[in-house]
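Shared chain: subunit A. Partners: subunit B in the first complex, subunit C in the second.
Up next, the complex of A and B:
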């Protein structure tokens, strides 16, 4: 048996099988469900580690299944896909641990964890897709699998949020489908190729290619929460904390941002995109989203909504890095794909801890919470300082390369956007830290629960501490082999090779 | 001396205080705050040039202890010993205070032994944030001043970050000598110079950005005034010496402007000291700092204007920075001993000073912006959404279809399974064809 040809499919099937096994499980089968979840996540982690090592050493992993005449379903592990696969798999494991603690006494856990695994299946599929049609299928599966997670609580607010999410994402999917079909009719292929496959298309088709680019980016921009397509993201914050973490750091917004990277680099090719004149408008949209998201975050009292608008802002750093044509900016964008995920998931884990342990949902309720939950707030502090870009945390590395890339590409205005965004980030994050650490608590907490020896359940406490530690290590040891920075350098070398 | 040992010792100078930040480790050591000084003391008294490169740290960083920064480190240790002695009782009961003290110490020592711009920047940032937290934890009355300090520091960090980017885009090697040469040859020399000057002027509270520093001195306890002199001010002056391409460029115009700033600071200090001495018959300590920074800027301007002059007197600039810490320490102590009081000169600000004016303005601005952000804009948005919703519900019927599917959420796995089955069947038929 040729392992190299089947490994990508195996990796996807693991979480799919876990999902199908969990769906019919009775609610009281807690141990079986946890074993299936964690076992699947661990097995996937091991296989992904194996594949990462293989890709680093030049192995070619590709599963190809016939789908439609002339179009195959292709799963391929390349350097870019591995960046996303490792992020999703690693964070899935931590999020599963967290979700086990978070949903300890909740109803419909089998349904939740089933969709949770399905969601990761779709995300890994998006990451490993070797052509646009495979990408599209998994992208749509992601929409379908995430919707039940958003409406999981079954409240009126969650149903409304789910409805909004579905409208936005199905609309985006439709645009993506139209763009994909049009593209296929023009080029005759949808295969992702390093440096793109469209530069050979006849010049007379260039106006059509610009429209296709807009269609594809609009379709992907919905999940990447580019303005004005971001409306679903803050509303989806009614979902449980693990789902928010999944939406913001592991799966949905990342799938959108990753799709934009694929379209710009491996469909159009960065040089061809620049020659079409589409990269500058994309950079302007991304920059506007960065500032808009930060401004909206300033005025949110609801902690998760504040974090959601922060995501709207932060994910656009990735798009901005891609749209500034140049190797250094690309490194910044790619690195931020991982770094933002690690930092943002820390913040959502902490927000979940505060809600679950003390019933805190609003920033105005956080006075003195640092004394009650010091470890959670230490993790939160690291996450926020990383988001602001304080050295030597992970966020600093991203901003450093984005800034350098902007200067290298002669787009100095981006540096002002980054500086403005950092100030705004400080504006909406530092008051939270001040209230948590230096203000005295006002009366009792909204709904306090006791967890014995620790400040909260260990399953809730460990994941944010691990991800916070990762946020420090990823910044401090940025140059280490296999770090996101080193890996992004590796990808950039391929994309910009002479 | 063994290379590994010197590297470990040098690394331990900022790392040990950082490790002892964790209460679990700290509680296992007697007098942990003094133990944290140990590596620094050892490297200062060992007559060897310490140097270590860490290719894995950030983008490749280095630490170094040579003649100049050895002196600075020695003075800093003295200041820290005195500061720790004076807060030992308070810090023993206040866990947070000890945490922030150790963080400031790590940042301070790290900035002194850093051999490249990026590491220096990282340590000063750590020091700045921790110093803000330390001020707020130790003395709640200076919350306002500390907030102004924090915001100025953030702006200063952004300015310095821009300089780092401008330099790194031309030369990835950011050690001090290499970065100075890059800046000297840069077509954006003037911009880089002023970004560095403004950044460190904000950090050090140099006139005309001095307001937070004078207010802080009037409010805080003596022990913090000692640290105020050594931590933000001395390190910022050191930063100017390290970051500016002094001795490599002669820029008469920029030099003259810096000299004007220096002389203005001196004049301001003289006038304000005369005014205050007349009023209270007391000699304010922060006057010493302003006086010293004024002199420093006058000298710095001369060095910027003429590279040859700087080359002759360069060493003295480092001695001056080291000595300034010691002088401020001695003067502060002597004044406090003379006054025989170990409490703030002014517990709270009695009259509205410049910091309060600024704060008042900021509060007013924030209130106005908050009102707009929290009420006016959401109000408009709600009105707009209401209009859109009205229009939407009048024209669409999709909502009821979705409502039905939501209420039957249990059937959603069936939808997904059908979707997957469809995929599998398509693949199967494609394969068989």
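Up next, the complex of A and C:
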């Protein structure tokens, strides 16, 4: 048997098996569950590292299973999918550590971790999908696996959020399905191909292709939270902190953004999309989402809601990078996929720490918190500065290349959008930092708990510190081999015809 | 063999009522084994034709097993296995002595129906099936279910009567009741049109296609859980199977408009059934309306028949049979556990009956047509056929139906996740019943991964080979 042909499938199966093993576990078996979780995550990390090395050296990993007549289930590790796979596997590991600490003593942990693993299975599947139907399959699985996580708390509010989430995502899934089938009937294939497979389609079908493009992007835009399809994201903040962290940084939102990348580059092909005239409207939608999300974030007092609107805005950087047709902007967009994930997960971890340790949920309660929880706030500060785009942090790299790319493509207006957004980011993040570090605390914390020696429990503290450190390193060593930046360059050279 | 076994079983259950459970279970396994044997034979040697007692058509009774009837037999066997296991825990001794003979009789009728090669034989089995089904509905006792059973009986008899009239007309005109001979001799004439109209409307009544669905929700909603599962999964499918055979094999003269009409009724059933299912407050009634809706999907095959739409419909049929069995079983578990099935009060079932709820959710995924599931494959094939033939409006119906299904399935699941501290009087659910439900739901999902295999079986003996090309 050929090892290369089974590795992608195996990587997906690990977390699926972990999920299936965890579901029937009794609540009290904490140790078994933790070792299953962490063991699965570690094993996966190792395999993914191995695969990354292989892909870099030109190995071809592909699993192909018959699915429908003429259509296969294809899992393939190409350069683009590795970017997303590495991101999700790495952050999954950290989030698992965090979630173990976060959910100590709360009910239904087996259910939670089961769906949690299922969710990661779906995310990796989305990343490795080698054609549109495989992508669709895992994309829908992701919808289903995240629903129980969002309603996990079982309150009226979380049920309502879950319903909103479903209405948006299932609707989006339906659009995606229509688009996919229509595309299949026109082209006869759904295989992702570098630079797209549609330029050969007869000219008379081009209007239909434009409609299909709109359908697909609308379906994916629901998860990527493009306006006006972003409504579910701020609502689903009622979920536990590890879930929000995962939803925002890795799983759901990124699956949408990643899907848009796939559709634009590997289905339509960037140059063909440009010739259809669909990239400029997409860029405009992305730009308005960036500004709108930032504006809404300014007025949120709930910390997690503020972060949620910030995500709405930040994810559209990725889309914007794609929609500006030009190699440099592409690099900016792709690299932001990773950078935003690392930074945003830091912020959500920190928000979770504040809520769990001190009972802080609102920005207005954060005065002086820097003295009580210095390490958490250091991580938070790094995350926010990165978001604003201060050099030498990771966020700066993305913004720099987006701006350069826009100028290169002759779309100067984008620079104004970026500058405006940075100002707005500063507007909603800096007051938090100021309050946390320089203001005196007012009275007692809402609900303080003591975790012994450290400011909070180690399982909660370490993950944000690690991700914050990553955000710094990604910025400082952007040009090192295997950094997301050099990897994005590698992808970009493939996507643009020489 | 496949037909005789359950008949023998029915008789022996009748003779030794005390041991009917064991006789039933043992026979279930033997039937499943013999169906498996038959499948192997057909897959290896292609479609077979047997003349019972050596009498060839048009005189004797002929049995035909091609890919389509084989799949129907197989799904019946799988569903039957689960139902048998489930019922062995569900019924108490008193009910069991009535249940098992009837169930075995029903199984015999179903198997005979799927294997029959002539339309008169089909009539006999159809009648047998109808009577057994009616008796099973009445098994729950109580005013509601007796009323429902009575109505079901009348509908069933009326449907069979119409069908029989059609058979008589055809026999009078062409002197045979064998389907393949009929197909050769048939020519367009008023008598044929009348026969076709009669048979079709009789079968539509039995299949409960909108607007003839009025009898189904009370009958399915009031019967005991395993019986509801049987009726929804298999019995209504049997009359659909006959329709499919008749329209594609015997009456290929059927016009484009007639196909569109059936499709239109199907579309109406999808939307109407979906809306009504969403408005139900009782779980079992909701599932029953969902059956009305899913039957609508099946009829979308008729306008699309020429482009292999029938394969899509059969795929949907198979996955619906599995998923609906799981769903009714899950509903039965919940009913047993909570003592009621009002959807608004289902809190905490998720916590206390995780396997049952898991079964319900997985079955729901298949019904919605989300990947990966059998329902998804069926829907994909049907959508593809719709777009290929330029009849995209059927595609819209499919998508809208999927969204409606999503709405009512998640209505239930959402309620089940809420925390509540209402003290419930609850009764333990036997583990066999939970496993049976979960097993069926997993099969419905698994059907999403073996499409090439199933589709190749459908091609065996190429049923409707001429009509589809």
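Observations on the structure shown:
Please note the rule applied: the second predicted complex is superposed on the first by the 497 of 498 C-alpha atoms of A that agree within 3 Å, B and C clash if a C-alpha of one lies under 4 Å from a C-alpha of the other, contacts with A are read in each partner's own complex, and residues count from 1 in each chain.
Here is the rule we use: a contact is a pair of C-beta atoms (placed from the backbone, for glycine too) under 8 Å apart; a residue touches a chain by one contact, two chains touch by 3 or more.
As the structure is a prediction and not an experimental result, all values here were calculated from the model.
Superposition of the two structures on subunit A leads subunit B and subunit C into a clash. By the touch criterion defined above, A:68 lies against subunit B and subunit C together after alignment on the C-alpha atoms of chain A. Look at A:154: by the touch rule set out above, it reaches both subunit B and subunit C.
Contact with both subunit B and subunit C is seen for A:163 once the two complexes are overlaid on the shared chain.
When the shared chain is aligned, no partner comes close enough to touch A:458: not subunit B, not subunit C.
For subunit A, the partner touching the most residues, choosing from subunit B and subunit C, is B. Looking at the shared chain after the overlay, A:400 reaches subunit B, while subunit C stays out of its contact range.
Once chain A of one complex is fitted onto chain A of the other, the partner contacts of A:437 are limited to subunit B, with no touch recorded for subunit C.
Legend: residue contacts after superposition of the two complexes on their common chain; A:390 is shown touching subunit B, with no touch to subunit C. By the touch criterion defined above, A:46 lies against neither subunit B nor subunit C after alignment on the C-alpha atoms of chain A. Contacts of A:118 after superposition: subunit B is touched, whereas subunit C is not reached.
The clash between subunit C and subunit B in the overlaid arrangement falls on one stretch of those listed (45-53, 63-71 or 441-449), that is 441-449. Overlap of the subunit B and subunit C contact sets on subunit A: residues 23, 65-69, 111, 137, 141, 144, 147-148, 151, 154, 159, 162-163, 166. On the subunit A side of its complex with subunit B, the touching residues are 16, 23, 65-69, 73, 111, 114-115, 118, 137, 141, 144-145, 147-148, 151, 154, 159, 162-163, 166-167, 295, 298-299, 301, 328, 385, 389-392, 399-400, 403-404, 407-408, 415, 419, 422-423, 426, 430, 434, 437-438, 475-480.
The touching residues of subunit B, when paired with subunit A in their complex, are 55-60, 96, 118, 121-122, 125, 129, 133, 136-137, 143, 150, 154-155, 157-158, 161-162, 164-166, 168-169, 370, 373-374, 377-378, 398-399, 402-403, 406, 409-410, 412-413, 415-416, 419-420, 423, 426-427, 430-431, 433. Partner subunit C is touched in their complex by these residues of subunit A: 23, 65-69, 108, 111, 136-137, 140-141, 143-144, 147-148, 151, 154-156, 159, 162-163, 166, 170-171, 173-174, 177-178, 181-182, 184-185.
Those residues of subunit C that touch subunit A in the shared complex are 351, 354, 365, 368, 370-372, 376-377, 380-381, 383-384, 387-388, 395, 399, 402-403, 406, 410, 414, 417-419, 449, 451-452, 455.
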